[in-house]
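Two complexes come next, and they have one chain in common, chain A, joined by chain B in the first and chain C in the second.
Entry: the complex of A and B
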């Protein structure tokens, strides 16, 4: 009985002050909620719904098209598609090599920029970040030019010393795409790590120096452990970025026949959709989203305890 | 196109036409417009895309308009057959075509004492001789990412990829004729007598021609300006001759070309027919389209255009359009595109790329395309069986 009374009392109080507050909150939140629902939740829900449909038609080949519930038909087909697994395997290989290389470079650059003796800091910071300002497609076109055996001054230089590199060959083209991604994103990741480094209070270094720590020891024993959360964050971004890979291989594809239309899962989904099979493309997209979610959350879980996230 | 439409709008105050250019993924844009019910009255659609679009319910049959039906005699027969689906209606008016021919660097040929090849066997012999004389020289290149071009070669070999009868598609993408073409090019590729590292009309391709590394180009009528505009230094060195044939009897293929289709949901069918016929068969409109866009018309009247009967300066004043006009007459009229042609082309390209990378053969690529044709039709609920 007392509980009820308390609730009623609370309710009365809320009616007095609370309601205008709820309206205010709503007014502030709506500009976010509305586009979020319209342009994020609705399309995702639509894709999920599409992925459970199959196409049927009445009245022969040129008859009326309609879709009907097909259960997991599209998923079963996607999972049986060797192209799907091929594309997943390809980006897995890409990610296992490219992400560590890129993040190691980014970390090294961030630590160098943070080193006390470095002059022209702001110049180097901007210079390293510059590639990120270049749209991915433009970057890929630029690199495509540098890779092309017919046009590239780089290939010409290699020829001068008796080498014949084939950047667009069947074995090399994946790494040529990885190189474009690395070039594009190292500066971005470096900046996140560098910002974290800037937040470390200088007295920590002072104390370490008094204890006789070298610059190397300070970097390795103090700086890196403290910025570990941002390294995890950049790794998660990179995992997601790898799974979503599209622009770089799609542009390189125009000059190399060694990149198939199903090179990455995103390219496969696009190719399937452009063949009018939207339902299958939706299933592939949903599968890709699930894999991305599992991998990024899995990685966070795996590392969070260690780095104290 | 804009200039041609402006001419129409000036002369026809009662029927005003608006155009919209879709730079990228035009068929995706058309498909979305159809779903949204905002499709235009007319849309430019390639021949190979027609059955694809029709199975998506994109078109309206204009044969209710007598003018549309009567226009049949004005067009090159195969173009009408494809846009009327063998005479079951009028879903589009043919616009342009790409009858194929062989572009030859006559200076390189005479330098190596070769004569113009009449058959594909002679062409292969020439390929051998050129490459033997100069390891940096190949007779042409094979672009695995260009299914449209390869389909043109299949068309010439009378390889019927599809046949629609008894309410079912009969899929023969890997027919004996197709395999003949695939085997032929596979031999040239395996012997490294053709290059496989160039994409059609890419900068690297022009660079290779610029460096005199390639002696011929298997092309279409609409491409005559490409060398002229990109390789001005080679003026007078190029000649256009009929495509080599398989058994000595003349046959040709078509690469590319478009129609202007009647879209479902359009509100002005009668006016659309009038404009469409004018656009694609009126001599004045065709002359302007040819002048501003290099369009090679599908209307038979268009082939008589004065500018198509003159010599072309870049080609040593050769009357190259005579060659294309002859080629146009040799194109097999019974050739049909499949209702999931785009998906098949993509699969074919991926598999051809594997073959040129030494991973399988072009015959394997045909088998892949065949199975993709069947599975993609199944996904669209289109009845299809393998073979005849």
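Entry: the complex of A and C
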């Protein structure tokens, strides 16, 4: 069917969107779809397949190993594993505290940057965004030096006022990792919110101002509700990021005995895979993907009803 | 204002500390205050860093650049083509395809990297440049951005008149649309460049050969050895500085592209 026929049949002109031949469309989408299938979908399908397999032995202790279909055996094992729940509990605690703190900071900075009286705007914007240029591993290495009792100037400053903080102690190390994430991502989230704020037409505030609304009232009652979609977006990205935590705790593990090799679900999956139990590692990865999906989609659903996106 | 200054100090302090530490001799790291300069030895430290293990750090830096520039270059091109088709052509299964691609954002790194390792070892690709390069070119987020940018930047009227002139779709894309989309393509390139530059888990799983490591993995390995070889500490610090400063400079120079990209990313 040609565009003209569509126009006649639809009774209105469908603007612009062309309908080229299938070969043309394939020429556009295949260069992406092919690697996407090979390096995204196939591995995911392979992980799901692996997660349903178990390795068994024929006969007694000296029998030969063989792989067979095991149904949900790997999942049952993962769900009974206390280390799995330990890692989930840790990132849950991490996320419940770190994500709101970081996003609140980012929002506050975005609102301040948007306020007319603030000076040195571009300096603050660049300062906050700079950590985004630092890879997670390098950031963790930098902060590891700032946490280390031997050479940290921060620890030394605390000593000066009579405190002995132990950033790598059993109770503190999770929050030291959370601090690295906060440092890395606050500016990025702030910039997403700030860009949304800049898109609001200024005359929207004039009526409120005529009614005598304060800057605070305008910020919380007008600006924040309008940029709610950006806040939802940054929250979803942060939830995904928290669930995939790996590099920062892996680096801190190099200097602290209080981080186990199974500290986060990703570390657990890697440790299990290094022990050659790929099937169990696959089950853990699939569980993590499902949790990520449920949480992100659930959060979007929940907020879209509230915010009316 | 005061709050902003406190936050700015928080964001800049670790980078300042890194710079100060990179200028010191190894012995002064522990014995002098971390935020004050002592003996200025930056250039000797750089010499030590680049000379260590037959210049392996230079190799790592080169690898990082190869992975990130080539990966982001190819990745941007294929994301742009796909996102453009999703924005400008009408075809069956379009929305389904888009949802599947967006779903890719949710897949955890281990769920991809571990099975990829098994598949790549079966194909004999483990411990090669391709093992890191090939998965890096796929960026679902890039397709998402390209779709948004294409619908905003390329007016349908131009495509229609190109069609009336008898230009093929691919020719129209490369001669007309790419030009209109250039600022957004730079944004997609930057996002993907940073993602590959920062990547750590994939190279860690795929590579055992030190000569193929990117900087992140190399410094991670060195950092793990400082317990036994304390001398490495100064090289880890100097190496971290060398890996961070060029990217920060590029960042500050290309700021406006980031802002337009982030703004588009936040529109639902």
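Here, the second predicted complex is superposed on the first by the 278 of 309 C-alpha atoms of A that agree within 3 Å, B and C clash if a C-alpha of one lies under 4 Å from a C-alpha of the other, contacts with A are read in each partner's own complex, and residues count from 1 in each chain.
Just so it is clear, a residue touches a chain if its C-beta (ideal position, glycine included) is under 8 Å from a C-beta of that chain, and two chains touch if they have at least 3 such contacts.
All figures in this text were calculated on a predicted structure; none of them were measured in a lab.
When both complexes are overlaid on chain A, the residue A:199 reaches chain C alone and has no touch with chain B.
Within the superposed three-chain model, A:277 lies in touch with chain B and out of touch with chain C [touch as defined at top].
Once the two complexes are overlaid on the shared chain, A:128 sits against chain C while remaining clear of chain B.
When the two structures are aligned on the shared chain, A:151 is found in touch with chain B and with chain C. Applying the stated contact rule after C-alpha superposition, one finds that A:138 touches chain C and leaves chain B untouched.
Judged by the touch definition given at the top, the superposed model places A:262 against chain B, while chain C stays out of reach.
Of the two partner chains, chain C is the only one touched by A:33; chain B is not.
Between chain B and chain C, more residues of chain A are touched by C.
Once the two complexes are laid over each other on the shared chain, residue contacts for A:174 go to neither chain B nor chain C.
Of the two partner chains placed around the shared chain by superposition, neither chain B nor chain C is touched by A:103.
With the contact threshold set out at the top, residues 150-151, 254, 273 of chain A are in contact with chain B in one structure and with chain C in the other. Those residues of chain B that touch chain A in the shared complex are 25, 27-28, 31, 52, 54-57, 143-145, 164, 167, 169, 196-199, 202-204, 207-208, 339-340, 342-343, 346, 349-350, 352-354, 356-359, 376, 379-383.
On the chain A side of its complex with chain C, the touching residues are 14-20, 22, 24-25, 27-29, 31-33, 35-36, 38-44, 46-47, 50, 105, 108-109, 112, 118-120, 123-124, 126-139, 141-146, 150-154, 156, 183, 186-187, 191-193, 195-196, 198-199, 227, 229-230, 233, 240, 243-244, 246-247, 250-251, 254, 265-266, 269-270, 273, 278, 281-282, 284-286, 288-289, 292-293, 296, 309.
For chain A in complex with chain B, the residues that touch the partner chain are 54-57, 60-62, 64-65, 77, 148-151, 168-170, 253-255, 257-258, 260-262, 271-277, 280.
On chain C, the positions that touch chain A within their shared complex are 1, 3-4, 7-8, 10-12, 14-15, 17-18, 21, 29-30, 33-35, 77-79, 81-82, 84-86, 88-91, 97, 100-101, 103-112, 114-116, 118-119, 134-135, 137-138, 140, 143, 155-157, 159-160, 163, 168-170, 173, 194, 197-198, 200-201, 205, 215-217, 219-220, 223-224, 227, 236-237, 240, 243-244, 247-248, 250-252, 255, 258-259, 262-263, 265-268.
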